[in-house]
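The same chain A turns up in both complexes below, where it pairs with chain B and then with chain C.
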Partner chain A sequence: MFSSVREIFRAEWERTVPAHINLLHYLGAVTLIFLLLEITTGILLMIYYRPSAGEAYYSIGVIMDEVRFGWLIRALHRWGADLLILLSFLHLIRVYFSRAYQAPRQLNWNVGIVLLIVIITFGFTGTLLTWDQYAYWSTDSAREIISGVSVLGDIVLTLIWGGWQIGEEVLLRFYAFHVGVLPWIVVAFLFLHVLLVWRFGIKEPVPLRGGRRLPPVPFFPDFAINLLIAVLITGGLLLSIAIFIPPPLLERADPLSPLLHTQPRWYLLPVRELLESVSGGTAALCIIGFVALLFLVPALDRRAAQPTWKLILHRGIGLLWVVGWVFLGVRGYLR
Partner chain B sequence: MLAVLSVLPGREARAEESCATCHPNVKTEAVEGVHAKDLSCTDCHGGDPTVVTMESHSVAAGYIGKPSRVDIPALCARCHADPNRMKPFGLATDQYAQYQTSGHGVRLAQGDTKTAVCTDCHGTHRMLPPREPTSPTARRNIPETCGRCHSDQALMGAYKMPADQVEKFRHSVHGIALFDEEHPSAPTCATCHGAHGAIALHVGSISMVCGHCHSRTREYFNEGPHRKAADEGKMSECVSCHGYHDIAHPDRTLFDTTCPSCHPPDSPNFATAQKLKTLLSRADEAVETCAADMTRIARLFPTVAHYYPRLQQAKAHFMEALPVQHSLAVDRVDDLTRSARSIAEDVRASVHGVEQEGQLRYVVLGGAWVFILFTAGVAYLYKKERARASIQQEGAERD
Partner chain C sequence: MEDESATRRSFLSRLLAGTLLTGGAGVFAAIVAYLFPPAEAGSVLGPRRVKIGSPDEILPGEGKLTLVDEEPVWVVRLTRGFAAMSALCTHQGCIVKWDPQGRLFRCPCHEGQFDEHGNVVSGLPLRPLTRFRVGALRGDLFVFRGDERQI
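Take a look at the complex of A and B:
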């Protein structure tokens, strides 16, 4: 048994990665590290957080003011969530443009899409937990927008809000999702995602024109050192943001004092903008269509060798998605 | 004249009138006033409104012309003292009765026609309700309305009265609240002196007037030794220390400027005053310093906002001490100011703790970046060294 364990360790120690990978190939691993950071800080916050409408806000105050380094844990969790979603988006874009979803990695692409949706849901459910004015009214605003979508809106509201108006029940429901349901889903899919990467490795990038294909380099220590540097720099940036910019906390949620013009979190701005620009049903179809198309990307682009015009089309569509999404987000922000 | 006035019927509906033919300017004014809908010219002036010639002014038709000043209050009271006439408008009907008891009414009854009558304050034809900002009886305009006579040096000189009250009031704490801050509760002349029953305040009644708004202060004043002194006529209650028209925002210099006017500096009473001054000064300084520190530190560390309710508690204790000082009860003032000081100092210590911890964070961040850059640098150099060694090894193997 020990010899087989030793063989496994030796195999892992001698694992190689393609030589041509650049900084963008580390996004996935950095995202993984940040997800683990979110899980760790989330567990620490759970110790002091009180999931009730009467105590949630004050427990945040206790975490910020009385728990040793509570302010840091909360700041890391809050800004880490935004950074995690940003890294996930960048990782998805990188995989798309490098066509790393092709065989044998089609399943991994789909698992990654599911992970992205779950991570965004984490962010959405976590927003309400502070139970301040922004949390309450931005979630209420989302509920109103979703309720405008025929049929699907009702289904979503029933599934996520449980049919309730925002109050104690919805807070508990969101808390249960955030700490009880979504973590299991994300751990399961993350395990599958990492397993598939371990199984099929990183896709070898196409060498630069005229460049020769270099032999693969060892994972340890080359890739690991680069990963360490990337994690250190990104972690330092997160720590700086956490220290310089305290996470916002408005007054305690007051159902009788609406906060006008609440904006959803930045990653949901394009969705809100889409839902407000076109009729509810059409917007829902667009979003569902977009997600379905994402899942179908490996099926639509199966062949490794494609004519140039198809490659240009592929890149153009990707660019259109990214620019369109950013445009909707900026427009929603400036509204 | 009164008999003539009394037989004039009141109208319920206005008939078409000829007065405007000759008096168009007056008509224009009257249209803007509160009487426009329900009264006609002849209701006050008499005459025949259906005739366009001078026959409309005939005495036989009840024409009285411009009412004399002596008759004006009674003329207005014909309606305004009649509950049945005033009921639809929800207006009081005691103005005439009050006026007759006022300084103005008493002088008028003695034949002094220079004293104020209804039209002097309310206007004549263009009578506006007090809620209209341009009305002479609007709150903000009352000092100016009273000042038409009471700021007239020549007129007031005949009564041996000063004529600087309005000017003094303008610069007083009440005047600033009324004119500059537009505070809805700021007093006007009528608040203290009365409106229709305007009388000069007499010694012995002042704290009753001030106490309408400053009720707690009045209660504590009545508990203190100054109550007895006021009852014996040795002081004029609030006025002795605070003045009347020129009341300034009270600060602790009053202890140094006002108390010595009755209490010699070496007297025990003056020592009590100085003790009160010290207690209040220390508490005020503690609260103000804490508030200033919180404002400064909150710019970088917004979490100090959580301490604002505690600071408000300290302020509340201090504010409570302000009326209590009028009882001259040093021990009670000491209790309140000590609480205020203690809470303020406690909050200040907590806030400074947040600031120090915040500054420590920057030091830790700096240290973290030093570690990050050092580790990244070492890792990078190790990688470079490995690559160089690998190239050298490959070269050696080829050879």
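Take a look at the complex of A and C:
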């Protein structure tokens, strides 16, 4: 039995990756590590956090002011969540433009989309848990955004909010989703995602025109060292942000004192801007259409060799998505 | 060539393992420190039991004035069980006194009166006294801090 285990390790040790991969190919692995960091810091925060309207805010204060390294754990969790969502978006964009969703990786593309949606929901449900003025009023603002989306908004509101105004019940509901429901979904899909990457490997990038295919390079040390460097750079960035920019904690949530000009979290800004620009029904169609199109991408682009005009169209659509999304976000932020 | 490659690989292996071990040790130490809550965190996150004596020390209808975390607290033995509440009058913070005959807390400053459960009976106070949970455990009487409520 031990010899077979040794064989498996030996095979993994000798694993190879395509030679043409660049820095962007490490985004997936770095995202995975950030997700693990979020899970770890989240479990640590649960030790002192009290999920009730009366105590949540004070328990965050205790974590920040009294518990050793509590401020750091919270800062890593808070800023790490933002970076995780950003990295997930970048990873998605990289996979789209390198057409790594094509056979045999179609399923993994769809699993990745589900993971992105779950990660955004994680960020959204986590925002309320600090129970300060920003948490309350940004969630209230998100509530307005969601309720503006026809049909879909009502379903999401009933599912996540339970139909209540923000209060103790909603805080508990968000907490239950954040620590009791979403982690299971994320772990299940993450396992499947990693398993499929392990099974099919990294898609070999097409060499530049005239370039010849290079033989694959060993996973270790070539890939592993570069991955370590990528993790040290992004981890160092996160640590610096966590140390120099403590996550804000405003006054305790007060439903009778609205916080003026509250922005929702940055990843929800494009949705709000969309709602400001079009009617609720059109916004619902846009969002459902956008997500459905994302799921359908592997079915719409199946052949590896495509005529040049199709490849240009593929890149154009991708670029339009990214630029449009960023444009809506920036406009929403400046509003 | 083969040997050079093996040397490079083993060097990078050690570098990788060393980096991970050093970083991991730092992270582990921080997590262990985080798991040991300082006293301040314990007192804020409560509820915390504060022993105030034996139940037999207080006769039925009598009260005992005690200090719980430097706050004066009255513990009164009712017909059934005990009641504990802050001795600070909610009007101007004077220390109220227990009157066993009238079964009332009386404030000497402005004659505010509270019943045995801390509710305002008469006078200038608008809010009841802050109540604490109180209970006997294995022969000792405890007041619980951290979950006091105003009723």
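The rule is simple: the second predicted complex is superposed on the first by the 335 of 335 C-alpha atoms of A that agree within 3 Å, B and C clash if a C-alpha of one lies under 4 Å from a C-alpha of the other, contacts with A are read in each partner's own complex, and residues count from 1 in each chain.
What we mean here is this: a residue touches a chain if its C-beta (ideal position, glycine included) is under 8 Å from a C-beta of that chain, and two chains touch if they have at least 3 such contacts.
As the structure is a computational prediction, the values presented were derived from the model and not from experiment.
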- For A:G318, decide between first (touching chain B), second (touching chain C), both and neither. neither
- Task: Could you say whether A:I243 touches chain B, chain C, both of them, or neither, answering first, second, both or neither?
- Result: first
- Query: If you stack the two complexes on chain A, which partner ends up touching A:S59: first (chain B), second (chain C), both, or neither?
  - Reply: second
- Query: After lining up the shared chain so the two structures overlap, which partner does A:L44 touch, if you call chain B first and chain C second: first, second, both or neither?
  - Reply: second
- Message: A:I225 in the overlay: touching chain B, chain C, both, or neither? Say first, second, both or neither.
- Response: both
- Message: I'd like to know which partner A:V67 touches here: chain B for first, chain C for second, both or neither.
- Response: second
- Query: With the two structures laid over each other on chain A, which partner does A:G201 touch: chain B (first), chain C (second), both, or neither?
  - Reply: neither
- Residues on chain A lying within both footprints (that of chain B and that of chain C): 61, 72, 221, 225, 228, 232
- Item | Residue ranges of chain A in contact with chain C within the complex | 44, 47-48, 50, 58-59, 61-62, 66-70, 72-73, 220-221, 224-225, 228, 232
- Query: Considering the complex alone, what residue numbers of chain C touch chain A?
  - Reply: 8-9, 12-13, 15-16, 19, 30-31, 33-38, 40-41, 44-45
- Query: Which part of chain A faces chain B closely enough to touch in the complex?
  - Reply: 61, 64-65, 71-72, 221-222, 225-226, 228-229, 232-233, 235-236, 239-240, 243, 246
- chain A-touching residues of chain B, taken from the complex the two chains share: 301-303, 306, 361-362, 364-365, 368-369, 372, 375-376, 379-380, 382-383, 386
